[in-house]
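Heads up, the next two complexes both have subunit A, just with different partners, subunit B and then subunit C.
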Partner chain A sequence: MSRIIKEYSGLQKRLGTAEFWWINSFEPDEDDDLSQWSCKFQGPSNTPYEGFELGLKISVDLEKYPVSGPCVEFEPRTVAHPNVKWDTGEICLDLLKDAWTPIYTLLDVVGAVRGLLEEPGLDSPLDLDLAQIYDVDYDAYVQIVRYRLVEARFDELVQ
Partner chain B sequence: MRIEVTGVSLVSTWAWDIPKDSSNAEHATIQPTEVEQEEEEQESDEDEEVCGICRNRYDATCPSCEYPGSGCPIVLGLCNHNFHVHCIKQWLSTETSRGLCPLCRQGFQLRTSALINKPHYEEFQKLLMSVRQHNIPMGGELDQDMMDDGFIR
Partner chain C sequence: MCENNAGNNAAEICGICLESMNHADQGELLPCRHRYHISCIRKWHLHSNDFKCPTCRKESKTLHRKHDNIEIDLKYWCNVSLIEQFAKLQLLNQEENEEINDAEEDANEGSEDDTKDEEHEPEGLLEAEGPLQHACEGQGIEILQCALCGEMDDSVTLYCETCETLFHPSCLSELLCEVGEKDSNCTECYGTLSRLRGNKPSSMVIRDSNVRIYDGRMRDKRSILTECIYNRFTPTYTVSYEDKCRIQEYVRTELDSFYHRGSISKSRYITINKHVSRKLYGLSLDGFDPVRINYREQARLSIKEFM
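And then the complex of A and B:
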């Protein structure tokens, strides 16, 4: 049985455990295609993302997974973060690139993304301006991030 | 009552003899052993008895094989991490692997004392050599990079 099917069958059970209370939903977009997944999770507390639900899109190369890691992106134009490209949602995370090993699961990846929200990697930013602001004026940084989150939520409501 | 036996079907079970630590590694063979079946089944659910890459049991097949056994053998790492040979070979063939064990990130090496590893030495040597070469840039590549960066004009 392939790894992704194993993960799929164990996923709902694991989501029910205390460890993953912060995940609101995590499932494949279509029941018969395990290559495209969506995950909604709560922004971690004590960060500007607290109180907001964030959406990740995960795509898995079924031929190569888990020898190659999945591609993980935020919904475009929803999350402002030093390691996230605002327009595309692309995430710069070592676990998705050089540090990937096949022992990680999709849940580990989502956990690592959440960790990145708690602690941005400022030595390798994708959003240089935001990283700069984080450094020089943290309060302004928080305001910008929250403003963008509110704006994104508003856009979603309008659509 | 008279019973006529028309045929007999033999059924057997087998399991990989996987050493838990280096002390009994020498005795690792492909011989099936009688493991305490029940005890094993209880423990086996998670980590201990499954391949860290495909998460299938060692005595089941890797995802690319149909039949378990000698067609889909396991190999024992020097670092005490064991994998289906097909799974670990696939991983070590990628550049991202850098020749490291997926679990502990030490350079992956077959344990030489284990008989079960014997048929795979040569292949693994070659595989690891080529991954390492990939990760140590040769003179030409390095110079090109430096020129691109404007170090050498």
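And then the complex of A and C:
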């Protein structure tokens, strides 16, 4: 419990450093409840996600954290990615499952998700079709990803 | 990746809880030398079900407490017989210290030195909190850990008679309630559970740095080394280490009489001991059997041959 408070108090300072320039915002949804967090960050450059702001929803089990890792999903809009389930935003990342150790912080997790966007793990895809397209026709893959991102942004504007 | 690292000494932070560590509650994993709070790293081991370091993922063998130089074999941490041995040793140490203190006090009333002060401090606590608990204050190893919640406190009072796993009674009854069972058995091996006897210690100290835990038992450091070396070189005889020790006992008893009379030198003693012992091992290929073989007589005869 107190570990998450420690992280929270150190977070704003770390966000100010050059290392995390790509994070637009990262804070708990409610100030008195540190179990739900939202993070907005810029899509990494030289990827189809460049120029788009992406959002993550991070849920922390305060009883078990940091022995158990947090749950992370893309929200409010999901992204097209070989390791992301399109309809739910679920992310397949070893760090969030078997490879989790309490030494990682929430910032490390966000960094790892960004790393996944830069370099998809094609050995264990959640979206098999997209992984196939990535392999065979990278340009088509880029088109699909960007189409989905623009579509989602448009939907948001309409609402 | 993480802001703290194992290298610096000043206000070191535990990577698991992000709190600072003082010397007493700090444990160093070996061989990787990464440091955490002992309770934090134990909680993680319990969850991960292995002894890997959270930082480097290297499998650890021992947890080292630097300030009192105690190495804990992770494999045998939760072991009731060990705890009882610790408790006994602790009581022995304590009695010895008290005797020394009393003697010192009688001898030189006026002169106060630092070591004496340190020895005195726990005595006050002893009266207040019972025989074993005084030792824990500030310096003890917390060795009773609940296998369900991972907490290490003195309300861990149940243990399995078979596999010696330890539990909080409250954790166990909560679990039983959840799965709708009535009989409480060990969650690991389904063995029968017992209550820890009497004045159970909440934590313990080994003061003697020559004592190590090996193969689940408290042992003298040198005897462990001997056994390790012995095991490395496969013995020519099929006689076990324990049997050899017993046989050597006979040979030594017989030889000692010669040695004490001054009729043989030390190096001669060693040579004869070696040869005679080997000869007797050869007689005991089916195991140590004092009924069938008269070791004393055999040893005496063999020694005479050599003289």
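Everything that follows uses one rule, which is that the second predicted complex is superposed on the first by the 156 of 159 C-alpha atoms of A that agree within 3 Å, B and C clash if a C-alpha of one lies under 4 Å from a C-alpha of the other, contacts with A are read in each partner's own complex, and residues count from 1 in each chain.
Following the convention adopted for this analysis, a residue touches a chain if its C-beta (ideal position, glycine included) is under 8 Å from a C-beta of that chain, and two chains touch if they have at least 3 such contacts.
All values derive from a computational prediction rather than experimental measurement.
K.L.:
After the alignment on subunit A, I want to confirm one thing: do subunit B and subunit C clash, or do they fit together?
P.N.:
Subunit B/subunit C on subunit A - steric clash.
K.L.:
Now for A:S2: first (subunit B), second (subunit C), both, or neither, which partner does it touch?
P.N.:
both
K.L.:
Go through the superposed model and pick first if A:D108 touches only subunit B, second if only subunit C, both, or neither.
P.N.:
Second partner only.
K.L.:
Examine A:T78 and indicate which partner it touches, taking first as subunit B and second as subunit C; both and neither are also allowed.
P.N.:
In the superposition, A:T78 touches no partner, neither subunit B nor subunit C.
K.L.:
For subunit A, which residues lie in the overlap of the subunit B contacts and the subunit C contacts?
P.N.:
2-3, 6, 66-68, 101-103.
K.L.:
Per the contact definition, I'd like the list of subunit C residues that touch subunit A in the complex.
P.N.:
Residue positions touching the partner: 1-3, 15-19, 40, 43-44, 47-48, 52, 54-55, 57.
K.L.:
Please name which positions on subunit A make contact with subunit B in the complex.
P.N.:
Listed in rising order, the residues are 1-3, 6, 66-68, 97-98, 100-103.
K.L.:
Please give the residue numbers of subunit B that touch subunit A in the complex, ascending.
P.N.:
Residue list for subunit B touching subunit A: 52-56, 63, 87, 90-91, 94, 96-97, 100, 102-103, 105.
K.L.:
Enumerate the contact residues on subunit A facing subunit C in the complex.
P.N.:
2-3, 6-7, 10, 14, 66-68, 101-105, 108
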